[in-house]
């Protein structure tokens, strides 16, 4: 495979970016669209005290849940942890801090981080203390709004269907979810993909994430966990 | 053609939405990606005192420039009017108010309007009086930012390559530009398209504007102006 | 929920009557997910999912599942013609902009003013709000489907929610196994009764006063 | 600009030396648009346009133009393999996030501190800032290419701009038909001289003091 931009890498080459206390952002929704190989390698490397940012904490053995369940996160910023009871347990026991953000606002905060906006205003959760607690408010035309700050990460990991050697990404159906947003918000963005193709092999109209946002492309081996809906 | 959602319309059917003093948002960049039939029909209907919102004022005989050149706008919110000298003349003579917004911030303000966010924060143009004048500021982590408010319109008009009968849109190359943003920001959105197809004929992965944002779909006759780069 | 499938279906069937042709609808998990079964086959409805789908179709047959085509709950679905995929920011852009006509959700409590409490049981379960706040605050119409009472027998429709609110004054309609309630201008109205229940039973199992209109429809199914 | 094509090409050629393999580059109209001609054919550069293109290629042949594939100035371009289309919000998301490595712009004035004034002539021309503010403020490197003096013979490099600023302290490099200037830590340095000009000529045609390094490179072409 041509590697004109030096972005196609073996997974070993990117593992040096993962370290204790880092801020790690991940794509995926209930584990769908989360990068299996990278998650396993991060787990194996044994990094800890992570701050994780993503839609949810997956299931105990699915997606980012694998890392959360092993107690590797000191903090999670997410909209939902309900499908991962271990996350709830760690939170209740005070072993992991959880900052809840309404799902669409979390998505916008990640997008803001990825597009160089420091914050957005919104009325979502304004009357909800768990959301508004500690956040600035701003009055516009006589109405109050919450100031929701941008989210960025040291490293963002995403899962895509195809990448070309410039890092242009296309996703697969609902596995797109938060991935295009997360891909923009990493100081370093690593895409694990099902297929790597040369430049020119993706239709320029169908590219969802332009390669300028992607630093490394890793070949995936596909999902290696059993979904909640699979029998046995 | 099946019209399952009642969105496919003749241009006459949508002309009642255009009236004096309305806020009209338009897609396009230098006229590329602006809807020619709708622009001509608006011109012919003779509506005036429009507030126009879009990237630029086109060229005198290209895109929204046709409407601007006829003095039909009382106000324009745009990032650039340089390619339309008549716009500059109207502004200088006090016949048309122009609010300049930096191009990417204008795009974000339109997106904010279309996605239900009241405002965004940014440092673009903070030190520039023509941009910051009259705008609120907000301090975040010791840094000042401008509060840039969302833009919405009574009617948004866009130009696309294809629509299906639900109003799902795909665009053509750089004629995409501001169209996907503008399509979201109209109380009523009308898409003029080169081709109308039944539902199921567009690849769900390639759809850029989901049909939920589009109220009417109009068959276009294509661009009927001469581009600045065309000889003779 | 500790409710038999027949009662659950009855609630879902009644909820399906609120859906009109051309609507964009978001369904929560549980009883709401049963609603599509009861729609006329020729009805054009676009089901919306928070993870970035518009135009969700029925669950695929066993063995036909696509792991990359799932609803917000993580379960396999299909896509109907006219459907599309997009990122989560756009999924919620639609919601905040009022493009979702109707959402049907479960709840822990609803107050007589339409306050919704469906995301936290303090000291017990804190799953997070997911997309419930946006949906409750911004969908054009919010329907709650739930049991009339919780497992301990306490009414779930109350004068004031004791559980933390998801969103204030947002619920338009409540459908339980007993009855259908409408909340109009901050007041709770009994609208319809499921057989075999009578008004008295509903009043007894409701934790606040109910306004009674002149006519209360009886639902036959 | 009132400058012959040879001088314009010379400036563009010098500007092209600043481009490295793999860079994302945004070019303004005028002289900047001449830059790509001078790049080695094997160099991988992604040209960015504000209207939503990454990977712009050369102008098409006459008759081969596509009216829906134009640069931000409205003129037909092509797309190279690996290029993509996106909306303007993403085009500027890239800029604000520092993904544009280099922008090459024209200007009316530049101050010795790197203040850029390229968008307004008060009382004369108010075209609007377009995308210039974002590019000037957020591109990793900002290069100005312009005449040493304006039509009236006034230096365009000045101690303090008299025209309204586009953005303050943003310019890294200035290339004129006379010389190349670098702005480092708020100070203007003469870096290179185009033949046949000498230092004295440059000093005379510059509206502020210039720092002179020990060595000043002469550009042969």
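We call the chains A, B, C and D, going by the order they appear; numbering starts again at 1 in every chain.
Heads up, the rule we're going with is that a contact is a pair of C-beta atoms (placed from the backbone, for glycine too) under 8 Å apart; a residue touches a chain by one contact, two chains touch by 3 or more.
Computed from a prediction, not measured in an experiment: that's the story for all the values here.
S.K.: Between chain B and chain C, which partner chains are common?
M.R.: A
S.K.: Suppose chain centres are the mean of their C-alpha atoms. Which chain sits farthest from chain A?
M.R.: Here the answer is chain D, farthest from chain A.
S.K.: As a quick test, compute the distance in whole Å between the mean CA positions of chain B and chain D.
M.R.: Averaging C-alpha atoms per chain gives centres 29 Å apart.
S.K.: With chain centres defined as C-alpha means, what is the inter-centre distance between chain A and chain D in Å?
M.R.: 36
S.K.: Counting in whole Å, what is the centre-to-centre distance of chain C and chain D, each centre being its mean C-alpha position?
M.R.: From the centre of chain C to the centre of chain D is 57 Å.
S.K.: I need the residues of chain C touching at least two other chains; which ones are they?
M.R.: Residues 79, 85-86, 89, 92-93, 95-96, 138 of chain C each touch two or more of the other chains.
S.K.: Do you know which chain B residues sit against two or more other chains?
M.R.: Those would be 108, 115, 117, 122-123, 171, 173, 204-205.
S.K.: Name the shape of the chain contact graph, picking from line, ring, star, complete and other.
M.R.: Graph shape here is other: it fits none of the named patterns.
S.K.: For this entry, which pairs of chains touch?
M.R.: In this structure, the chains touch in these pairs: A-B, A-C, A-D, B-C, B-D.
S.K.: Under the definition above, what is the set of chain B residues touching chain C in their complex?
M.R.: Within the complex, chain B contacts chain C at residues 4-6, 114-117, 164-166, 168, 184, 198-200, 202, 204-205, 207, 210-213.
S.K.: Tell me, which parts of chain B touch chain A in their complex?
M.R.: My answer: residues 108, 112, 115, 117-123, 136, 138, 140, 143, 145, 147, 149, 170-171, 173, 203-206.
S.K.: Over in the complex, which chain A residues touch chain C? Could you list them?
M.R.: Those in contact with chain C are residues 29-33, 55-56, 59, 78-83, 88, 91-92, 98, 100, 102-105, 107-108, 110-111, 122-125, 127-131, 161, 171-181, 208, 223, 227-229, 231.
S.K.: Please output the residues of chain D touching chain A within their complex, sorted ascending.
M.R.: 22, 24, 44, 46, 48, 54-55, 79, 81-86, 89-90, 92-99, 138
S.K.: Show me the residue ranges of chain D that touch chain B in the complex, using the header's touch definition.
M.R.: So the residues of chain D touching chain B come out as 49-53, 62, 65-77, 79, 85-89, 91-93, 95-96, 120, 125-131, 133-134, 137-138, 164-168.
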